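Right after this note come the structures.
Shared chain: chain A. Partners: chain B in the first complex, chain C in the second.
On to the complex of A and B.
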């Protein structure tokens, strides 16, 4: 590592820490700005119909104390930070007395297992299509690009609903919702796994479909730009094989696409919300959606904190990766 | 007579536009270059000089297409060879090219040394990595370039250095004909001088057997090349030695071109700069007669209708005009 690199990364890390602190504060404040009182809705649900005013008040005071909501805002913030550092993120309001870390721990793997492969497949297919469209032009460009453009233009929820209606409701090829058949006990047996795979298809392909479009469009225009670059013409006239030149071109065209990949991986928890809600997939997106509906501050804050951390890590990784794959970035940053 | 390195006979190439029209940008061009000699090609933007450079490679990409004529490099006719043979045996080794935008000619993500490896591999030469590296180092040292440039990406090099690296890479296979398309026009004067010096150097050391130098900067040609050829609307209008072309141009267009640019040599001090009025004709519909007639102050009615052949007046001098040499010289003298 050169001196320039060290200096550059020190500066980067400094700014990431600042961003992180700001994000933690915002993650704490923003849920609390939402309308609605979490304790009232819990008490409203749990109390028996004939309860007196005192009993209600007693219940409210009890829960407020349990959640630490009787402390002032700084005391609450301190609790939040403490719980974040001990990894539990405190107690969920709506699923009291379950720990937030337990809720997230049981749902995050569904999200990762759904999103990560879908994002990777979508990115690969999209870039492949875009590169083909740029290189072959004619058929690919005329037939496939409008199609991918069409899909990328459909909002995420729209595409999911269309898939749901066609394949689950009308054709009945796939189950309508959930991650496995209701009533099934998760276990490592063929019945359960096949049920999971069947439930996996629709949400998976809806995410793939949407990400293909955006990636393909970007890759196509980058590739066309690179194909017309001066170095292509020069390399040709030096007798370099077309195959090799195509490799030059696509390597260079891929560079900006790496940003897209890292960012969608970084923001996959947020991106999961729509697909998971529509298909009732028990991932982090669903947990967050439920938490928002019941003003479950600790769960919301924990989810948004995870999103923040993942985006920060992704962009930090990007800075490092680019330094290795793009000499132009390296030259600009480390000097 | 010295050996001919390049012998181009009646070469015609065309662009096919999106709407399917043919544009003949190189129209029956014939030229020869002897071993050890250099030829400058001058002309306005759009006169076909860059297209000629591309056409001489014998390797065509749409929208440029070969129509007719022969390109003979050191006795070998390269027209009609299949593209892969041309790629392997002609490009870079027989005919090498330095592009107009040499600043951007290097792949930004490939190190110079790696790119040289690619070039050698493309020609299937029996050399391993180590040998290629040694050869490249020797060549860079010979040309006065820092050897560590081989381990750098183009962004890490200055503009002038990039240009010189491109020239070194282009000539790594000791080409018989080097075609340089405005290799110095984007550079400052100091870098320009270095590039010119380098190219002359390569000729002197025999790394390059002959050279075509394309530019719109005539003063540069006078200092670099043995002969100068002037192109207009896809055709050669005049050819002669550099000295003849600068001090005694025959064709009214050559004269106009020489008079519109300062040549910092003795005898040109009192020359007034004059511009050539008008613009070159659209080659989609070339004029019936002399292509320059529309802009020529000496043109007669007949000029507009009669096809003008390229006349050989001896001593390697050619010109394409309806007037006689004597007549033109007389007219020019009357003006001065």
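On to the complex of A and C.
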């Protein structure tokens, strides 16, 4: 490891730590600025109608103690950090006494199983289409460009809703919501698995379709940019075969697309929010949606913290990988 | 300046985008002069399909006209048996094993369907054989009622009674009596029906489009302004200022803007989220990319000869920035602004769909309309396409037109992309 390299990594790690701390602090402070006391609403829900003033007060003190809200702000922050590091994230307000980690643990796998394959498939197909569109421009520009521009303007939630209405409601090819038939007990049997697969199709293809659009447009313009670059012209003058040039062009055009892939894997949970709420898919997005609507701040904080940390890790990994695969970064940073 | 504008408007992409955007904007501005309805006023109960609604009560007090429509009888018969019932008829015939090739639920084949039905349906037979899917008593009763409706005379006599007690007068209504829609005291045309609250969807949509555009413009202006200011300062002044500003920008880049929005919005609570607050918050969480690009462009401009000359002439910082630097990055800033507007509108819509939108009792926005459509089952149970599809279309058209304008500008200002 050269001196420049060490300096580069030190700088990156320093930034990683600083932003990580900032993210944790923001996740702690913002929910505590909200108006209204969460404890009052829980006590209001749980207490019997004939309770005396003292009983109510007792309940409030009890819950305040349970949530650690009777400590001062630094004590609360310490609890928050401790809970974040031991992975429990504290106790949920709306589903008391369930642990936040329990809520998240039961939903995050649905999100990962739905999003990861969908993002990968969408990325692959989108880049293939984009590269093809850049290479065979005359056909694409005339026939498909205006259409693609319009369809890529449809927001993700709009596309999901249209797919849902066409394929689930009107044609009845796929179930309308959920991840498996209601009333089924999750287990490793054929009936359950087939139900999961049937429910999987629509959210999966809607995410694939949406990411194909974005990736294809990006890949096309990157490839066109590279195809017009000086090195391509020079290579042509030298008489290098087209096939070989194309390989170089697409390899260069791929670099920003790799960034795109890493970032969309990192922001997977955030990206899942809308699709999951539309298809009522029981992933992390849906948990977060439920938490937002019931003002369950520990769950919201935990979800946003997870999203932030995943994005942070993704961009950190990218910086590291780039340092090895992109000679331009290498030259700029290491010397 | 004049030449640049001419160039810009010669770009077909920009022009098309500009025209679409202006059409949307003009509709938003002019529509209230023609329809004076409050966009949040409930007119009906629940989803009403698009169409013209005529008061049954008032049709009695208008003049009647004699019109002989040759297909009146057929139309009446067709209207009395909706597609759902025709499907039931087909299902029964199929269950009975009748040949139903060439038959469907369309109006063209309706008469053939009725003939086949009359030849094949018999109540006693249906009871005895218990055909598949029609084995229960309830299903058989449904068939019987359907058959009664088909065999009864659709032109049965009808009378209208006016007044009460001794003053009551009765008049016969002939099958050839018609009323003129403009003469009916209360008739209402709803081109896009009503939403779950019974609000006129079109009026609501126009208002919501206006508000969403406003949110986008405000958020975009704030983001562009902060981004420009930070970028100029960091890039031109450099040194410690640059370090501090880029430190803040770095934090904002890595923590996803959407997460910040969700945290701030949920911290605010629904009541204190006004339209303006929402727009301001979207603006102050999305300036980072503009700031970064402006900064890098300013750094490359900072040491150009004309800037150095300006410095030597003793011009103030503000003057140098305004006359020697801004003109060079203006095209980029305009493009960034257009993209910020479009993403501001989308951000509002997405937040509203998560239930974090502006206060729903004040004004409608496109996102709130999508959220209501979802909450009240417009796309599943009610199947009310008019409550969400036009909203999606408007959002798509707005971002489509803004994207077109942006790529058009890009082609004009970056000639390398032009071919």
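The criterion applied here is as follows: the second predicted complex is superposed on the first by the 310 of 335 C-alpha atoms of A that agree within 3 Å, B and C clash if a C-alpha of one lies under 4 Å from a C-alpha of the other, contacts with A are read in each partner's own complex, and residues count from 1 in each chain.
Criterion: a residue touches a chain if its C-beta (ideal position, glycine included) is under 8 Å from a C-beta of that chain, and two chains touch if they have at least 3 such contacts.
The shown structure was predicted, so the numbers you read here are calculated from the model rather than taken from an experiment.
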item	value
Partner chain(s) touched by A:185 [first = chain B, second = chain C, both, neither]	neither
Chain touching more of chain A, residue-wise (chain B, chain C)	C
Partner chain in contact with A:240 - chain B first, chain C second, else both or neither	first
Touching partner for A:230 - first (chain B), second (chain C), both, neither	first
First (chain B), second (chain C), both or neither touched by A:252	first
Which superposed partner A:176 touches (first chain B, second chain C, both, neither)	second
Residues of chain A at both interfaces, chain B in one complex, chain C in the other	none
Chain C-facing residues of chain A, complex	15, 18-19, 22-23, 26-27, 30-36, 149-150, 152-155, 157-158, 161-162, 164-165, 169, 176-177, 221, 224-225, 228, 267, 270, 273-274, 277-278, 288-289, 292-293, 295, 297, 300-301, 304, 307-308, 311-312, 315
Residue ranges of chain B in contact with chain A within the complex	54, 57, 59, 61, 87-88, 90-93, 96-97, 99, 101-102, 104-110, 115, 118-119, 122-123, 153, 155-156, 166, 169-170
List of chain C residues in touch with chain A within their complex	247, 250-251, 254-256, 258-260, 262-264, 266-269, 271-272, 346, 349-350, 353-356, 370, 374, 379-380, 383, 385, 388-389, 392, 395-397, 399-400, 403-404, 407, 416-417, 419
Contact set on chain A toward chain B in their complex	229-231, 233-241, 244, 248, 251-252, 255, 325-328, 331
